[in-house]
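Have a look at these structures, which come just after this line.
Consider the two complexes below, in which chain A is the common component and chain B and chain C are the respective partners.
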Partner chain A sequence: MSFATRTWTRMSIPERLLAIFVPLAVVLAIATVLAIVLLGPPLLDFLGANLPLVRFLVAVTAILLMTVPTAFVIIYMELKVIARMNLRIGPNRVGPWGAAMSLIHGFKVLSKEDFAPTGADLPVFTLAPVVTYMASVMTLLVIPFAPGLFGQDLNIGVLFFFAMGGMSVLGLLMAGWSSFNKYSLLGGLRSAAQIISYEIPLTLSAVGVVILAGTMSMNHIVLSQSGSALDWFIFKQPLAALIFFIAATAEANRTPFDMTEADSELVAGFATEYSGMRFGFFFFAEYVNVFIVSALITTLFFGGWTAPFNWPWPYNLNGLDLSNGTLWIGIAFLVFVLGTDVLALLVRFFGGRSWNMPSAMVLGFIFTLVAVVGVVGLAGFIAFDWIQGLFWFMVKTYAFVFVFVWMRGTLPRVRVDQLMSFAWKWLLPASLLNLFVTAAAVVLLSQ
Partner chain B sequence: MPTRPNGAQPGKPEKPTRPVTPGSPAAKDPAERPAAAGVRGGAHARTGRAAAAAAAAAAGVRGGDHARTGRAAATPATPAAPNPFGSTPHGHDPEAVRARLAAMPRPSADDPRILLDRTSDADLFEPIPPYPTRTEREAEFYSLGDGEMFLNVGPQHPATHGVLRLVLKLSGEQVMDVDPVIGYLHRGVEKICENSDYYHVIDQVDPLEYVSSLFQEWSAVLTFEKLMDVQVPRRAEYIRVLTAELLRVASHTLYMGFLALDLGGITPILYSFIERDEIVEMLAAITGARMLFNYYRIGGVNGDLNHEFMSRLGDWMSRAAKQTEANAALLNENEIFVRRARGVGIMDRHMALKMGVTGGNLRACGIAFDVRRAHPYSVYPELDFNVPTRQEGDSLARYLIRVDEVRESIRIIDQCLHNMPDGPIIAKLPRLLRPRPGRAWGAVEGPRGLMGVYAISDGSDQPFRFRIHDPSFMNLETVPHLLPGNLLADTMAIVSSLDPIMGGIDK
Partner chain C sequence: MNYVPGLGIAKGMALTLRRFFAPKATIQYPETAPDQAVRFRGRLQLLYDELGNVKCETCFQCAQACPVECIDMGGHDTKNRFYTHWGPAETYAERREESALRRSGRPVPDPEYIHFDPIDMVAAEEILEARDYDPRPMVGLLEEIQRAYGYLPVAVIKHVSHVTGAPYALVYGTATYYRHLRFEKPGRTVAVCRCTGCLIAGGGRIAKDLAAALHTEIGQSPAGKVALEELPAHIPGAASPLVTLNGKPQPNVTAAGAAAWGRSLAGKTVA
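Entry: the complex of A and B
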């Protein structure tokens, strides 16, 4: 028995973990320092010379990372809201009010077997979730979240959005075809038929907005609605907004148009044969789609990140000097220590006998944290227009997400033929009419 | 032997549709089928069916049944050869079995019939029966037209209630033909009942209609009471009516929720379960069980109404009418639901009568047949209630009939509570029942229609023959007539609106 074996067997589990991870951390740290020293200057030179590329890479990474928590939040929201509508409690075991439920769902999906059925067309089967997910993520790239906070300001933003949205059907079709299952095939074909039909009224209803704004850039569409809530396009294009909402519901495969995964007919539709993380990608893509569609409705018809009324504070602290970092850290430290202690003492002496000092300290810390976060957030809200913009954007978007969840809890599913006839016989003529009236009005008023 | 045209691919007429194990009946002509019918059939192939029956007769066993002849052959009618494997429970002579196995063509990897051809293994997943088609209807069903495909729905599918299997022949989304396959829950309950005494029959028939088990008990108990001329006390009759109507409300409420669920609405089912749970809890207060009550007895019921039942019932009755209206309004006024249910699965009233459809499904086609009024039993003649009918015969009418019946049931419950007499709850009967030889038929109106039991007594303490008429079975028989021409999505709207309970169908 060698020295290494003997030592290893005598170590406890934490010691073993340390023995593995401490050398690893040291090696990684040395490697990082070396990489920075050796590769840093040339890389920085290159990036400094190509700032748009840096911006693009950062934006793509941020948006890719943003999708996962967004999906988590919407999944949790759906679980909880539908539970309340069903007179249930919903998830309440993991985390406060079950808030970590969707996180656990994510881990569960990751840990499941990655299964592919016999007879599946494996390359297509594997690519399908990726295509669907990436199509969703790409559409997020052109959505303006706040002034200055957007992935890319394309001058064909709306067009890009519809192009990428149309790509998601490709993934569903691939999944349906490659699964070697008739339910999947029917689901894939249904989704193709449905999304192709609803793309047309969706796009045509957005064209009215494009005519009014005179641009296809999302940022400029938002800017042309700035002012108060009365300047939003919903009041100039009510019919278009209605058509857009209905068609967007179909586009996101949500109830009552969730033909593709109608669980009482096609067991799980295109996703029948998917499990593990491949299914997880479909699952995430569905909820990211809900967010995207809500964000688009907000952007096109509800003023995007603009506030619903004229903002009363005339000043903007965008130029606030935060360069004196040490001072601010000191102030924050002082506030935390004093606040925690004062609140803990208050709780200890006025809160009854059950509070001992440690639990009073914890409670005081939590109170202080909440107060500090609230104050800082409010200050940031007043001071920085991008925080304001993000706030209003998220409020409006999640209001629409809530409407989608609400519809899912309330409505049954329409039939395939009813769905198609509704699209071609009602939505398409209505959107054409809307387009015609809008164009005529613009021409007449500009004379 | 009829061929299966869907297997006849152009250019390859001789190729079997699916890989056939050599020796299976589909492989060769019928003449050599018994010789190659697998190990279990081998005993008959060896001795011949007549010889086996003769051996059984010699051993003094009632013959004819497959299992019994097998067991009879185990008797020393054929003295066993020296047996290296010890005794064989199934009576096969191991030497003969081994010899027959050696003579059988063995499957080999080179056999072209068992190789899975990657280009055509789509056939492998077709729901083709593993035997040659037996009837013209089967041959017609299993031949695919141009652009048609089979879709196997169930027995494990989110929307088939229980273990119903529907083999659909689809053209696009349109259903061209359907073959319902049942029997996944078959346990031979009627035979079990013939081997148990009259008291035990009640808990044997209990789990058949597991959503509304009291009605199945009631039909059996009613038949036995006719067989034995038992006079049931009036209080017992009223308690039976009260509990049964409560359960009818629970069953119909559940039906509405499941219909909505099959049409994609996820909320009504939870409201339904709330109502059902209250009813089931109050029944549990007097029966001790939530689902399989085992409450009715020959000559009465098993326990009197108690305080908990009455307080729960009063609590529920104070808002039952309002609550059921509110739950129904969630669907009745929903445009999507009404459009999905209206005009699909229209049942012709002549066909319905011919197929023996009863219950709400029959009343939805305009025929006011209700066993409670047509062949009155218990105290129903004393009670005031209507028999709601509708003329359309579609899924929506079947749904609305249930909504109306819930209202009528609540009226009946109200009258039962007002008229409830005092007195004993069960007639005095001996421990061991030996009714005189005779036969009786008793039927009650269950939530799904006429639930009947036919029993013959031979004077012993067990029914000589015991047969159950289950309404779900008759209702399900209409599915092949209702589905063709509709869309795949309507399949669930139609089957669900017929309200089949597979426990009763498979028996």
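Entry: the complex of A and C
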């Protein structure tokens, strides 16, 4: 028996893991450094030569990564808000105030068995959730989150958005058809009928905004609303905004138009045969859709990332002098140490004897962290216009997300014939009328 | 026209928004204990053992502790010797009788409450006065009371508890713990000596005959009947076999005549 085997048999499991992973980590680190040194300059040159491609890849990755936490936040928000509306407290076990609830939901979905029914068209069955989810994610590419913070500024942004939104119908139909289950197929057809019906008033109501802005680029639509809240298109196109909101509710399959899922009637409709993470994709896509629809309402009618009033300060702090790095690190260190100590003493002073010094220090550190993040965030808010824009955009968007959740907590589901007759008999004529009046007004005023 | 389109939706949305901000009544139980009285003990319930007997030992501690005196306890003690009662004062029984009287127009006798017949408290008061109402030498106090009354009337025990401040459960517990303290009026006690001399002279057969005649066993003494006991020691100078009635030797009782004597004794009423 050699020295190596003897040593290996005598090691415990954690020691063996360390013995494997520490050398591996060292090798990987050296390889990374070598790769950066050797391949870095040519790679940078290549990337610099293809900047639009880089921008596209980065944007797609960032948006794909962004959708999952967004869905988590909206799911948690829905649990909590509807609970409060039902006079309950809602999730409060995992994480602070139950904030990790949707994360746990995600893990639960991941850990479930993933099966396909016998006779299912497996490639289509597998692709359907991907198509639905990607359709949702792609629409986010053209939404301007803040000045300079968008995936692509397409000059046909609105058209792209509706095209991608229409693709989600394809995913639903694929799911319904490939499940080899007549009820799934019926559910898929039903949701396709609903979404296609509501797509028409949705698009027609957005055309009014496009006429007023004179462009289909989302960025330019936002810019044409800049100024104060009075310049928003909601005041020029109130009927269109209402139609858009109603139709968007149906597009996102939200109550009262959630015929697609109708948990209590249809057993999830097209998604009946789906389990595990495949169902999770549909589920996530629904909540991403809520975010997207809210973001679109914000962009088209509520001024996007513009502030609701004329912001008094010019952005004169863009960029700080960070040349003296050591000094800044020292200042940050000093702020944290002093802040922790002072706040810990304050906690001891005001909190009474129940706080011993270690726990007071921990609390003081948390307070310091909150204060520093707040101060830095505020400074960034004042200094950088994209932080400010993102702030206003998110505030408006989540206000509409709240409205969607609020509606789900209030309104009962409509019947399928009511759904259809409402779309074709009311929303479509109303949106045509709105389009006609808008076009006529533009023609008359321009003469 | 009463129908306004969208009014119902607006009302519903307003309702849910009000609910959203309304305070929630949920109590997070393991973290937050519900607000309840310190002496709250849950639902009052009598428990039964697996044989169907009430597990209550009539110790009165629950009635003693009850802050609002809502526990009204009465019953025979575990040895089935006497009836006792603890409740919102003795007025409970009176009130019940008054109420029955009012309804029927005539008094309804309740044999369970004989023990609450009025008892002359003068003797007990004198004893307590002499002891300065001190409940601490409890056994001596109860012995003195028993000497004065011949037994410990329940009414006197309650009186002792009331005037000395000792919990009734304590007084009652002391009175039931010691064998020489009794709650019933002394009836006739037949005692049989079982020393070697008496046994040789037929004491064993006498004891068996008396037990059969008196429908009892040695050592058991049901209230108001003739009790059969064992003499702790032979009385010096008395003839064997020795049988005593209320402590007095009965030289006429022999092994042959014991059964007849016992039957005649059982037939007589308690004095």
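Everything below uses one rule, namely that the second predicted complex is superposed on the first by the 422 of 447 C-alpha atoms of A that agree within 3 Å, B and C clash if a C-alpha of one lies under 4 Å from a C-alpha of the other, contacts with A are read in each partner's own complex, and residues count from 1 in each chain.
Keep in mind that, in the parts below, contacts are C-beta pairs under 8 Å (C-beta built on N, C-alpha and C of every residue); 3 or more make two chains touch, one makes a residue touch a chain.
Keep in mind it's a predicted model, so treat the numbers as computed, not measured.
K.L.:
Return first, second, both or neither, reflecting whether A:Met420 touches chain B, chain C, both chains, or no partner chain.
P.N.:
Once the two structures are laid over each other on A, A:Met420 reaches no partner at all.
K.L.:
Classify the contacts of A:Leu87 with the two partner chains as first (chain B alone), second (chain C alone), both, or neither.
P.N.:
both
K.L.:
Does chain B (first) or chain C (second) touch A:Met407, or do both, or does neither?
P.N.:
second
K.L.:
Have a look at where A:Asp258 lands relative to chain B and chain C in the superposition and call it first, second, both or neither.
P.N.:
Only chain B is touched by A:Asp258; chain C is not.
K.L.:
Quick one: classify A:Val68 as touching chain B (first), chain C (second), both or neither.
P.N.:
In the superposed model, A:Val68 contacts neither chain B nor chain C.
K.L.:
Per the contact definition in the header, classify A:Lys182: touching chain B only (first), chain C only (second), both, or neither.
P.N.:
The answer is first: A:Lys182 touches chain B but not chain C.
K.L.:
Mind working out whether A:Leu345 is in touch with chain B, chain C, both or neither, as first, second, both or neither?
P.N.:
Neither chain B nor chain C is touched by A:Leu345.
K.L.:
Give the label of whichever partner, chain B or chain C, reaches more residues of chain A.
P.N.:
B
K.L.:
Should A:Val372 be classified as contacting the first partner (chain B), the second (chain C), both, or neither?
P.N.:
Once the two structures are laid over each other on A, A:Val372 reaches no partner at all.
K.L.:
Going by the contact definition given at the top, which residues of chain A touch chain B in one complex and chain C in the other?
P.N.:
Common to the two interfaces on chain A: residues 85-88, 409-411.
K.L.:
In their complex, what parts of chain A are in touch with chain C?
P.N.:
The touching residues are 81, 84-89, 92, 406-407, 409-411.
K.L.:
For the complex, give me every residue of chain B touching chain A.
P.N.:
121, 149, 151, 157-159, 173, 260-267, 270-271, 274, 334, 336-337, 339-340, 487-492
K.L.:
Note which residues of chain A are touching chain B in the complex, please.
P.N.:
Going through chain A, the ones touching chain B are 82, 85-88, 119, 182-183, 186, 190, 255-256, 258, 262-267, 408-418.
K.L.:
Please name which positions on chain C make contact with chain A in the complex.
P.N.:
9, 12-13, 15-17, 19-22, 24-26, 28
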